[in-house]
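Chain naming follows the written order as A, B, C and D, and within any one chain the residues start at number 1.
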Amino acid sequence: MKTQTIVLNQERNVTLTIYLQEVGEKYLRIQTRPAALILPGGGYQFCADSEGDPVALEYLNAGFQAFVLRYSVGKDAVWPNPLDDYENAMEYILAHAEKWNICPEKIAVVGFSAGGHLAACAATMAKHKPSAAILGYAATMEKFISICAPNAPGPVDAVDRKTCPCFVFATRNDKVVPAENSLRFINALYTNGISFESHIYGYGPHGFATVNPTVQDPSALCSRAPHWVADSMEWLWDIWGDIDAEPDNKPRCARTVGGDYGEFLSVECTTDCILKNESAKELLHSIGMGELISNMEGLKGSNIVLHQILEYAQLSEEQITGIDTMLSEIPNLELK
Amino acid sequence: MKTQTIVLNQERNVTLTIYLQEVGEKYLRIQTRPAALILPGGGYQFCADSEGDPVALEYLNAGFQAFVLRYSVGKDAVWPNPLDDYENAMEYILAHAEKWNICPEKIAVVGFSAGGHLAACAATMAKHKPSAAILGYAATMEKFISICAPNAPGPVDAVDRKTCPCFVFATRNDKVVPAENSLRFINALYTNGISFESHIYGYGPHGFATVNPTVQDPSALCSRAPHWVADSMEWLWDIWGDIDAEPDNKPRCARTVGGDYGEFLSVECTTDCILKNESAKELLHSIGMGELISNMEGLKGSNIVLHQILEYAQLSEEQITGIDTMLSEIPNLELK
Amino acid sequence: MKTQTIVLNQERNVTLTIYLQEVGEKYLRIQTRPAALILPGGGYQFCADSEGDPVALEYLNAGFQAFVLRYSVGKDAVWPNPLDDYENAMEYILAHAEKWNICPEKIAVVGFSAGGHLAACAATMAKHKPSAAILGYAATMEKFISICAPNAPGPVDAVDRKTCPCFVFATRNDKVVPAENSLRFINALYTNGISFESHIYGYGPHGFATVNPTVQDPSALCSRAPHWVADSMEWLWDIWGDIDAEPDNKPRCARTVGGDYGEFLSVECTTDCILKNESAKELLHSIGMGELISNMEGLKGSNIVLHQILEYAQLSEEQITGIDTMLSEIPNLELK
Amino acid sequence: MKTQTIVLNQERNVTLTIYLQEVGEKYLRIQTRPAALILPGGGYQFCADSEGDPVALEYLNAGFQAFVLRYSVGKDAVWPNPLDDYENAMEYILAHAEKWNICPEKIAVVGFSAGGHLAACAATMAKHKPSAAILGYAATMEKFISICAPNAPGPVDAVDRKTCPCFVFATRNDKVVPAENSLRFINALYTNGISFESHIYGYGPHGFATVNPTVQDPSALCSRAPHWVADSMEWLWDIWGDIDAEPDNKPRCARTVGGDYGEFLSVECTTDCILKNESAKELLHSIGMGELISNMEGLKGSNIVLHQILEYAQLSEEQITGIDTMLSEIPNLELK
């Protein structure tokens, strides 16, 4: 393993600390490694070391190449400086991906608090989006982040169908960055059909990082809070496929969820999605399912999927498949 | 251990299966036990056995007395029949609490899917509220539950400051009861200051219960989904205090979160809460903090707590304590 | 789930408590269940309830049918009464196996302390041997058990090639039944080629059972001691194949270990085993490996396997396979 | 974190790779760190990289300073070269302990296979003994290790009362280094009263290291085998006291076990130990416990402790304490 720190921007004191492991030889089971770009918190006033090295060690240990970006803070935190720092770091990593045996499709950004804000911006608005984002007690609401970074945008409002899958965690009673920031972000991910996993733990202080006993007293947190570390890795393997060389290491979890996000309609679309589509309604009328449509009108806003409705109506699996086939020829106009 | 099934309502075929363990003797470390009242799912059409016995066994194993309520379903599921069944079961349990060595302040309701809807109704609208609710892939939106229980209410709209603490879990891609049901419920809990823990797991089918391999293929779910069982127990000990006889088994987690829910104001109130209170604003003006108020106006909706603002403003801990003392004499008018 | 207690021997006050779960219906994934016959400890003076119900619950929870045998104690503990009680219980279970949906090839005995002595006797000397034995801080040395059961035999001396696979655990500093009892038993299992798993935990008191907080203060034990419960289940699936209906639930772990226990020789035999076999030595001489034999003589007692020696001697994999084929025609005379 | 490789012996190509973390600042909770000196395996023919970096990362992650020693192999492995390399490495670490914020009383050696042999030699015969040893599928029998290191000693024969506490793990069916090597070593530790923890896992291949998926297919091992990593850390905190700054981080587990290893006798001595001591026998006779002595003669070899015998004889706790007080004045002559 090698470590090195390079200067990305002398003027703004932006650095990238690089931790690289080998592949091949002893690491027979892998040819390339995933990477984690870590963004420590600190209210855009500083970059907390407790959210740097200890986090890098966890990801290294799980087989990643790791990077800690110390982005612009204090007077230099004027937007878009921090996001520019992120873009520069990501460009630098991508430019060295082959040399460093990094799989460019498997780069996660891992951010905490203000660094979580920056990670959420990367996930939603960056030119070089990560392939997944881990957001720890992140600030995501514009109103909220504006306290420490006056003109920074609110990533919760920027979530769209191109946002990468996210793993979002926080404690219910965080007094520094209210859990509302995490809740609003996952609501936005849900509304946009983005795959995510989220854990709002019962209690614990802000800034608990990896709950390494050298930096955080574990007894101050609920017993589940430290699980985010292992859980986030498992989730990445779900999204990316397992790290190792097995031929069947396909992703187990899609990057978007639900029929509403396909290019064509299906029985997995919600009733709302179907009802907005005139061709779909015509189709259903034409096969004598007008009553179904009026039932669906009554369910507006329930987000129930058509498949479920058809099951309740006791259609056979064959009938449902037939409807699915017909729907699959109707373009999903709702798709932005 | 003893098991027994009693009929609560002959006409509607409502039964309560009772699983009782002893205290004292071999169980030297406890004098009373917590209890779990389990409400299986089944779309109000039936009560799924896979969400009965196997769930009871998990809670028994953790030291609980366990109860499975098979409530009114099918044509008998007309509201408020199921909720009446719950009330009857709870009354029955409370009436026998002393005989059965149950601590009446430690009765959790554990519901799944439609049973989760019933559990959420118990948590929000029942006469005999449980002291905590575990809600598994629960239906909580009126629009949604109305599909299978036409006139059933939506507990998400009934959450208020008297709702009990809740542990809410679901999978992101549940095709039967969309995770939106869980999301809306935790949003409502948050808005009302109720303590909760929530886990939205990356992927997995509806109805996975305890992921016991005799009823559910574990490989169909993400690796984290089975954790809800142990995690929900740990969370209950956080809310209630540990099960055992140790003198320090105090709750580690309060039932409400945040200063906004106290009878008097404090520096732990959000800025929004402070700004709505004329006495608080007068106080701050009178001590020369008018500028702070106008800053706070700019932060409306951020839900940042006053303590945080005062730290950013670089007030000393002593000054903050002083302000806290003054605020503690102002009644919290916002409190419903 | 049903529970019932039947009397096996009125005179000696021997009872069998039966806990039965269903199969089929909700338990779609299984047609038969494994079973656990639990033997509580108590120095043959009594049967400890803390090693009854709580243990049964753990195995029930994992999908087993469970049985607690309260065998002859006190003045009735004269040998072979307790072992007769075991045989009667096992006969009773086997006679009802079909009715109770029990797989007769998957019945484990689980014994603690003196009950561990009885379980180890069942594993080594019983007419109806279990298919696996879980031995918790068991007494296994004749000298030792004779203190509380004067004429009871020492199962450590009875281990032979027909002994069932065993899972053996204890704490290093047990003051009541010294860990030496577990060590000697696993040494005997090793010498006889029996498959086993063993955990000697750093510290903890005697009689900790499942470390259920209602019966045992977890802080008195090292953090690993409670793991035996889950670990013993996983080990049983390794020995038996997984509990569920998957077509590939074959055992992952054989019941005997090493080439010395096959009917014919192989390169997996130890050098000692080869050297005791004149036909094998002749064979090796005849193919010009006389030097190898004299090297092996120098390694007597090392228990190194021939395969390893041949690798060190830099024979090709093809050559090794050739030798293996020739050895496979020589009967293993050492095999008792 | 910094990494660096220094040459300890140019001629024999012996190197020490150093991984250092900071203390203080972000690591507020610690002033010094424990250290792990890692000895990879490789049959004294090479040093396996898979047992270097990945192991170092695990210990770094748990808060240790880590060191990987690549000792003399091949033609240079002539004894005592490898042990000299160990001594040099340990001297180097001790000389820099203050500079590198290492607690010199908390240095563990972690060895695998042949490196486990070297670690066991360090634990038993080194001038600079480690304070604990982690031995993974280690070769410990002279007969066995002589195959690859002709004149190397067998540490199993060198265990004595000065041996450090050990954590010993292996798989039952290891075909390269038979588990007998681990069994014999823990037997020797037991006989000499040394504190240890041991795990013999049901099945798995030799050389599985930390079961990092980049180097080892986890499906080839039983599910418990990877637990040694976390378990060995927990055990070290038991032996050393927790890593963090809490005032109560005292060891929970003594370095020796049992009364036989004290300077004076006690009721925690075994009957064998008491019977060998004429003063003790006189004392017991003088207080009218002659019958007890003859009972104890019948129990020779059982290693039961006197306390237990006195309880069976139904002496009161007060009487037992009285005997303990009298014994505490008799020197333990058996103590070597």
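In the analysis below, a contact is a pair of C-beta atoms (placed from the backbone, for glycine too) under 8 Å apart; a residue touches a chain by one contact, two chains touch by 3 or more.
As the structure is a computational prediction, the values presented were derived from the model and not from experiment.
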Count of contact steps on the shortest path from chain B to chain D: 2
Option in A-B, C-D or B-C whose residue-number contact pairs overlap A-D by over half: B-C
Gap in Å, rounded to a whole number, between the CA centres of chain D and chain C: 27
Chain centre separation (chain B, chain C; CA means) in Å: 44
For chain A paired with chain C, centre-to-centre distance based on mean C-alpha positions, whole Å: 47
Graph class of chain-chain contacts, one of line, ring, star, complete, other: ring
Contact set on chain A toward chain B in their complex: 141, 143-144, 146-148, 172-173, 175-176, 178-180, 183, 186-187, 190, 195-203, 222-224, 227, 231, 234-235, 238-239, 252-254, 257-258, 268, 270, 298-305, 307-309, 312
Residues on chain B engaged by chain C in the complex (per definition of touch): 1-3, 19, 21-23, 25-30, 33, 48-50, 52-54, 56-58, 60-61, 63, 212-217, 242-244, 246
